[in-house]
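Which chain is which? They are A, B and C, in the order written, and residues in each are numbered from 1.
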Amino acid sequence: MTPAFFDTLRTPWLWLLVIIVASFPGWLSSYHLGIAILALLYVSLALAWNIVGGMAGQISLAHTVFIGMGAVVATALNLRLGLNLWFGLVLCAFGAAILGIFLALLDSRFRLAHLSFALITLAFAEIGELVVTGSDFLGGASGLYYPKAAGGLAQFNFGGSTGYLFAALVLALVCLLVNNAILASPLGFYLRALRDNENAAQAIGIPILRNRAVAMAISAALSSVVGTLYARYLGFVDPTQLASPTLVIEIVLIATIGGLGTPWGPLVAAAVLVPAGELLRGKFGGVLPGLHYFLYGVLIIVVVLTSPEGLVPRLASLLQAVRRKAGETP
Amino acid sequence: MDTLLLQTLIQGLLIGGAYALIAIGMCLTYNVSGIVNFAHGDFLTLGMFIAFGLQGAAALDPYISVAITLPLLAVLGALTYQYLLRPVARSHALVIIQLTLGLSFVLQNGLLMIFGGQPVRTPSAVEASILVIGDLFIRTPQLIAFSTSLTLTLVLFVVLGYTETGRRIRAVHQNPQAAALMGIDVPRVRTLTFAAGIGILAISGALLLPGTTIWPAQGLRFTVITLMALILGGMTDFAGVYIGALVIGVAEAVGTVYVAGTTGMILPYAIFILVLLLRPNGLFGRAT
Amino acid sequence: MLRIEGLTAAYDGPPALSNVSLHVEKGEILGLLGANNSGKSTLINCISGLVRPLAGRISFEGTDITRLKPHERVASGIVQVPEGRQVFPKMSVIENLLLGGTSRAARLQRGTRLDQVLALFPRLAERRPQPAGTLSGGEQQMLAIGRALMSGPRLLMLDEPSLGLSPLFVQIIFKALGELNKQGLTILLIEQNLTLTLAYAGRGVVLERGQVAIEGARDMLKDDPRTRAAYLGL
């Protein structure tokens, strides 16, 4: 691990945040606790996606399949075959990784343009949704329901909201650390080189397939794990929610609004937008369903037109400008 | 030939024809702007919902309310191109994808907020009408959709190939700089063509509406179908795109009839992935 | 006829043109000379409106055209034959020519002008229905010029018309240009070929790294050693 990685670990802000979040069960209502859990799950999803979308610079809409794998397949294996969810989690993460590598293989073998890659991943996502809704084993169109919470941690049951909050927090931290680890490593460097100028990177000998496949595999596996936790937390799997392209588009939008340059972009964006969205949904959801999605859409349009690098970098540079101004007035 | 197969093929061709018009719309918008609009299907859905709304509010048959939805969508298309897409036309592909995905979300959820999430149907005078030829059943709305789309596509083809306006559009597509030097107002041509491409969706919407259920989130599905048709057909050629759409339609019909349930719908996507990988320039393999 | 004052233009980076001023007299052939990347193309693209200058003024026949859009400049009578011909490859010769006269004003005279162009370049008449992309370089150049003439230009600007052409075609084309000039067409000619340009142009302006290095009548330029020096980047 390079020094840069440990620098992140030493960031006081990060640990402050972790402590604050960990204290939530003490003073947040269960409704707000639920929102926090959801936010953390989305932070994890956004960070997992960022490995491919931000660092490798590839718009993958196939992540629905990875998330769905962890959510639907693991659940199905548990409910239908009695397979312990921890095993299911690992198995599905592995399966998702294989699928991710397969996609990276397709991309490299056929030298797909960004658009073609996005379309193929979208086609995979659509196929994935059709496979799920068409299979009774996987729950079909009606989904899968967990029977009332049985067993303890060994059965992947985290108990009440507190348990899931900690689980989601740990997972979010893991995703953040993985992001930073990659960023500070040769892999991260290669990915960004490939992202910024594929031809030049190739010319100096950076292997495309190996790096992208690794990134995809990690991203897919992480997404799958989050999927499993998400499903277990909700207690049921709704294929139109967890296996549909809408989910990954939502993640793409959130990550992009935050800014794809660093992990902090998707993290902050998810941490802010998801609770905001949920609160909006709570207030207006009955009258105006989809309001928060509508606003995400408006927000991304505004961001793309005014600050295409994302809001977090924009805010960061504003802060810097302010600090500089403050420093300039002696 | 086995009746079921024939019926399925005909069904596929008819629905493919309806898809084709949608794809032609995108062919226009893509070729003059260079932008793949991921919200294309959502504009279609918007048109369909407006028609649905007009039906409910003013008892206007969808075939007639086209007179309202067409200009409405055309203007919306022009505004979208002018203010949202033109500023980013030269940006990275990712940026454009994100922008149009965002637009898709806006349209989709705007409709959701207004109409709610339940699927709805628009009753129409022709929806129950069926044509019987021997052992074959042909639903009249589908026949109308097919013939209208074919006719309209031919008309557009002739306009593009043999009129002054069409020539100018082709010039802008082939070499925008040279076109500007000819005294062609390139931004205006682009805006108008984009508007036309979206306006066509109003017609497609009216053709698809009778007898089908619609819901706000269906846009993406149509966008994907359109993109598949476009890629199969080679992106630029009307004839290719039309045939591409027919292939998708037939694949969809064959898939759903011969493989039970929703799994059959996988066939078009599977074919698409294969073609995109093996023949990235489309079924007709013309390198641009 | 055309007056340029203090024109400065840049793409992302150092200026391609710095404070360039020159004028084109009505009825003359002005040669715009200079080595590669000296700013010649940028200059006529500014005149055509394809490049927006950072500073400066362009006026044509007394009117300030700096703010006009490209298609409006064509309507004013300023027409460019771009570098590399830039014909519409998938369209036929005839379609290319018709497009040349596509602007509203030009359409009124299109029939007449088409006959004139085909008379000027009989080769094009022979190739009427052929796709422009299948023509030889020289024929494409004829087509590009013919296309430009269809707009009824008062100022015709050509960017390196002799590039890649055989000497025979160069002769045919420049003879035609000479004819047109005698009939009253003002021409602004960019050419790398110094000798060729000075054979036809009455006056010349030499650009060096985006600035006007020398300006003067043909004979003066011919004898001035600085002209060749500017080309060699000395």
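Operating definition for what follows: contacts are C-beta pairs under 8 Å (C-beta built on N, C-alpha and C of every residue); 3 or more make two chains touch, one makes a residue touch a chain.
Note that the structure is predicted; figures quoted are calculated from it, not measured.
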Quick one: most central chain, C-alpha centroids? B
Chains linked by the largest number of contacting C-beta pairs: A-B
Note: chain B sits from chain A at a C-alpha centroid distance in Å of 32
If you average the CA atoms of chain A and of chain C, how far apart do the two points sit, in angstrom? 56
Whole-angstrom distance, CA centroid of chain B to CA centroid of chain C, is 43
Of all residues in chain A, which touch chain B in the complex? 57, 59, 106, 110, 112-116, 118-120, 122-124, 126-127, 130-131, 133-135, 141, 245-246, 249-250, 252-253, 256, 288-291, 293-294, 296-301, 304-305, 308
Chain C contacts chain B in the complex at 48-50, 69-71, 74-75, 79-80, 82, 86-91, 95, 98-100, 102-103, 106-107, 147-148, 151
Interface with chain A, chain B side, in the complex: residues 36, 84, 87-88, 91-95, 97-99, 101-110, 112-113, 116-117, 216-217, 220-221, 224, 227-228, 231, 261-263, 265-266, 269-270, 272-273, 276-277, 280
Touching chain C in the complex: which residues of chain B? 164, 167-168, 170-171, 174-175, 177-186
